[in-house]
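Below are two complexes that have chain A in common, paired first with chain B and then with chain C.
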Partner chain A sequence: MRVSPGVSPADMQAALAEFQKIVGAEWVFTDEEDVDLYRDSYSIFWDQPEERIVAAAVCPDSVDQVQAAVKVANRYGIPIYPVSTGKNLGYGGSAPAYAGSVVLDLKRMNRILRVDEDRGFVLVEPGVSYFDLYQHLRETGSRLMVDVPDPGWGSLVGNSLDHGAGYLQPTYRNHFESHCGMEVVLADGTLLRTGMGAMPGADSWQDFKFGVGPWIDGIFSQSNFGVVTKMGFWLMPEPEAHLEANAFAYRFEDLSPMVNALNYLENTGVANGMSFVTSPLYGGSSFVPRDQRVVDHLAGAGHDLSQEELNAFADANKVPYWSMTLKFYGPEDAVRANWNFCKKEFAKRVPGTTFDEGKLWRFPLTPEQHDEVHKPSFGIPSLEMFSRGARSPNNPEGDWGHIWFAPIIPRTGEAIIEANKVISEITARFDRIDSLRRVKFSTPTTYWARSFILLFGFSIKRDPEYDRKTLECLRTLIAECAKHGWGEYRASPVVHDNVAAAYSFNNNALTRFHERLKDAVDPNGIISAGRYGIWPKHLREKKG
Partner chain B sequence: MNRLMLIAASILAVPTFSVQGQAADKASTASAGKHVYDHWCAPCHAAGGAHHPGTGALAFKYKGENIPAALEQRTDLTPDVIKTFVRNGVSVMPMFRKTEISDAQLDALAAYLSHQPVKSPATTRKAKRPPA
Partner chain C sequence: MSEVDRDRRRLIQWSVGALALPLFASEGVARAAVFGGAGERLALSAAVFDRRFPAGPVFASALEARGVQALGFAGDITPAWKGLIEPAWRGGSAVLAGLTCERNLACLVELARDYRMHVVLLARHRAVAGEGVRTRIYGPTGLRGEIAALPAAPALSWPEQAARLAMRVPAAGSRDRVGQFRSRGNGADIEAPLFSWVIAPIRPHSRSIQVPEVAI
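Up next, the complex of A and B:
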């Protein structure tokens, strides 16, 4: 039996016995080989003293069991760490921020509680994955789409609570913003429902987020103030058509007006899908590959080229520096008309822009089309993104995972250029590169309607020296980017303290407010200690 | 049945794949194993490396050898090998917990992919770390 920190062996044993009575003996795991299944497969500390190992796991099947288990943990002061499906790989997986916690594994709570086709929502438990919901909707003949992140085995609840994202319209692809109503078990076992869920008998829990008074849902995301046991989500009805088309610009300085045009077209709702900013010169993407002339030129040179050398090649060969992939959902006539408007806007703002005519799909897709398309753009869950990091000709040994660095930058061309300059200087100093795209220049990810993310994945090698240097690089990036005002939107628990510390306005007023909330709603500090830098009082004092 | 009735019928339904653990015991081993494979393994390991990263990685690993990349086409897998990889993971494939694949379901999966009858969990429970 492993014992959680700050808990006596006798209390640990007594608590585990009570957990067994609540969920059944077979659903409390204490054997080393079972408990170690909760290690973070992608841990940067694999087999090292700093690895966040779990003490035990308790796996409830109902809200009643969650309430009872939380009450027991609160009575004995057992640190617990709730996970939904535990598949937040690259951001910590199922391993806790505080080593020695007992994982509250909610995977068995996998019920789809309600689907409303006409109002376009679902109500689900934490163990429901994107695969589960997609399969259920297709089998029941629903025409609702699921906005999925890249890994389809993730939980709708867990992904939303960690501010995950997908690929459809902005309303849906921001997974926390697309939720409507939640149910939460507080540290003393109290059951809470937010929004219209607080009104007995209301049938609008998944229709209206706010109810009346302060909207508190946000404090249960990226935090440790309660255990979320149900969430509602808005789903997008299948449109008539989806159009994807590209604009190409041929000068380095075109990036800024291209981004401004993109912002205008998205903020007016003309381009209503998730756009992609790509550089066919510096990298390429899933939608616009690196220009073949550049690929051939690099192969011929036998080594990488500097940005200046690539620029000279582009100018001499009319290679586009930038491309914008625009996506549209709606009636076929409307999406074609909207793309025509976009072409005029780009041509007006960026002379010399060229376009392709794009591709149009009509819903529902044929089985053949399923295999051809970028699946998340059509709400189809998959695990295709894991080809990055797996064994391949470019990566013969394969990786043991990845860890993300994901700073938010303003939605401007200047910010893309400046952030790349700062980040590439640091990654070069540590001999690290974005291991997923394997390019030095990163174009932004466009999950959010009003900001960019510069997303970098760093390889996990399970080589202590290599991984330590990667962590040093990551912590340097967090600190240096903070000086420019670029902060992470999401991070692995191994850097939660670093990331939270960067949000330091007015002597860390935000963190201090989180701590006051923590002390009020979880005075014994049992839930997810340390998550996103929020530590309970007794551990803050220990940390000094 | 019209769509509205279908949706009404779906209220309070659970996902068609239940993780309760008893399903594999009750269903025939082959179909239970196939069911586990389809849900947990196929997204990465089905035929077609372009869309299935596990198959793509194994195609590269076994290049030049006479070993199929898709798991269902293999004839050399033993139950112990399958259990070892499921409970330990390898490369970017994570390990799987017992709330995801129970011991009984893992027995059924191992039997299905090794084309062997199911073995007692007690004889194969201890999984060792796989080679990289």
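Up next, the complex of A and C:
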């Protein structure tokens, strides 16, 4: 039996016995071989003293059991770490922020409680995966789509609470924004419902988010103020058609007007899917691959070229510097008309832009079409991303995983260029590169409607010296980017303190507010200690 | 880190529980991650293979000839996951064999955790210039005798040898590097290493997460 920090062996044993009474002895795990299933496969500290190891796992099957288990944890001061499916690899998996926590594994709570086809919502428990919901909707003949991340094995609740994202329209692909109403077990076992769920008998829990008064749902995301046991989600009804098309620009300085055009087209709702800003010259996107002439030129050179050399090649060979992939969902006539409007807007703002008319798909897709498309863009969960090789000529040893660096930057072309300059200088200093895309220039993703995220995945090598240098690089990136106002939207627990510390306005007023909330709603500090830099009082004091 | 060390560490990671972690107060030592009596072998319930690699169908045929159902997929493991593996694992303790690329195996290892399953046999197949295919095997030490008794190539191709080993994994025993073999002449189709493997419950009648009836 492992013992949680700050807990006596006798109390640990007594608490585990009570957990067994609540969930059944077979659903409390203390043997090392069971408990180690909760280790983070991508941990940068694997087998190192700093690895965040779990003490035990408890698997409740109902809200009543969660309430009872939380009360027991509170009584004995057992730190608990709720996970839904624990699959957010690269962001910590199911390993806790505070080593020695007891995982509250909610996978058994996997009931789809309600589907409303006409109002377009579902109400689910934390253990429901994207696969589960998709299968249920297809088996019942629903025409609702599920907005799925890449890959589709995660939990709707967990992904939403960790600010995950998908690929459909902005309202849906922002998974926290797409939720409507939640049920939460607080640290003292109190059961709380938010929004219209607070009104007994209201049938609009999944229709209207806010109810009345302060909207508190946000404090239960990326946090440790309660255990979320139900969430409602809005689902997108299947449209008539989906169109994907591309615009290409041929000068480095075209980036800013291209981005401004994109902003206008998205903010007016003309382009209503997830756009991709990519570079056929610099590469790095699986959606618009690097121009073959550039690939051949690099192969011929036998070594990397500097940005200036690549620019000269592009100018001489008419290779596009930038491409914008626009996506549209709606009636066929409407999406074609919207794309035509987009072409006019790009041509007006960026002379010389060329266009690829792309492809239009009609719903429902045929089984053959399922194999042709980027599945998440059609709401189809899959594990397809794992079909690609882990090793390559550039990476012959393969990786053990990766850790993300994901800063939010303003939605401007200037920010993309400036952030790449700063980040590439730091990564060069540490001899690190985005191991997933293996490019020096990163183009942004548009998961959120009004901002850009630059995503960098750094390899985990299971070489302590290499990995420590990677972590040092990551922490330097977090601190240096913060000086420019670029903060991470999501992070691995190993850098939660660093990420939270970067949001330091007015002597860390936000963190101090989080701590006051924590002390008020979880005075014994039992839930997810340290998550996103929010530590309970007794551990803050210990940390000094 | 040498290739051997890397693969050994992969097996250790993918068969978690074999490590003693001195991070907590502990009332005992780590139990061996084994079950079953001496001499017993794991009974395969099914197998999956990646049709992109010519070795996949050969591996599958060898298992099917011994009565093990095998399902192929082409890169994307989702159909195999939804069509065979997940239903089998939800139903209880189902021992699964496979021949896949490394990332698809890593994906299955993550999914297997939910069903309290882990890797008990890991064979790494790599083309070596001038040698054909070199296979290194990590698993129960009881496999050493089985490896020594394998008919040499060309009597069996390497995928057939891998299938034969997958059928003969001891149900008990500590795990480590247990041997290697080489097969000449048919490694041109392996660009990156392939893995054959067996995933089994941590213990008999392992408790998997059961799906309740959907409540609407």
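Just so it is clear, the second predicted complex is superposed on the first by the 533 of 544 C-alpha atoms of A that agree within 3 Å, B and C clash if a C-alpha of one lies under 4 Å from a C-alpha of the other, contacts with A are read in each partner's own complex, and residues count from 1 in each chain.
In this section, contacts are C-beta pairs under 8 Å (C-beta built on N, C-alpha and C of every residue); 3 or more make two chains touch, one makes a residue touch a chain.
Predicted, not measured: the structure shown is a model, and the values here were computed from it.
If you put the two complexes together on chain A, you find that chain B and chain C bump into each other. After overlaying the two complexes on the shared chain, residue contacts for A:142 are found with chain B alone; chain C is out of touch.
In the superposed pair of complexes, A:100 makes contact with chain C only, with no contact to chain B.
With both structures placed on the common chain, the touch criterion links A:18 to neither chain B nor chain C.
Contacts of A:46 after superposition on the shared chain: chain C is touched, whereas chain B is not.
When the shared chain is aligned, no partner comes close enough to touch A:497: not chain B, not chain C. Legend: residue contacts after superposition of the two complexes on their common chain; A:382 is shown touching both chain B and chain C. Residue contacts after overlaying the shared chain place A:463 against chain C, while chain B stays out of touching range. In the superposition on chain A, A:37 makes contact with both chain B and chain C.
Of the two partner chains placed by superposition, only chain B is touched by A:117; chain C is not. When the two complexes are laid over each other on chain A, chain A has residues 26-27, 33-34, 37-39, 41, 59, 85, 87, 89, 107-108, 110-115, 127, 131-132, 135-136, 152-153, 371, 382-384, 386-387, 389-392, 397-398, 400 in contact with both chain B and chain C. Residues of chain A that touch chain C in their complex: 1-3, 9, 26-27, 31-34, 36-39, 41, 46-47, 49, 51, 53, 55, 59, 85, 87, 89, 99-100, 107-108, 110-115, 127, 131-132, 135-136, 151-153, 371, 381-384, 386-392, 397-398, 400, 462-463.
Remark: chain A residues 26-27, 29, 33-34, 37-39, 41-42, 57, 59, 85-87, 89, 93-94, 105, 107-108, 110-118, 127-128, 131-133, 135-136, 139-143, 152-153, 371, 382-387, 389-393, 396-402 touch chain B in the complex. Those residues of chain C that touch chain A in the complex are listed here as 1, 6, 9, 13, 16-21, 23-28, 30-31, 33, 75-78, 81-82, 86, 101-104, 106-107, 109-111, 113-114, 116, 118, 191-193, 202-203, 207, 209-212, 214-216.
Of all residues in chain B, those touching chain A in their complex are 3-4, 6-7, 9-21, 39, 43-44, 48, 51-54, 56-58, 60-61, 87, 89, 91-100, 125-127, 132.
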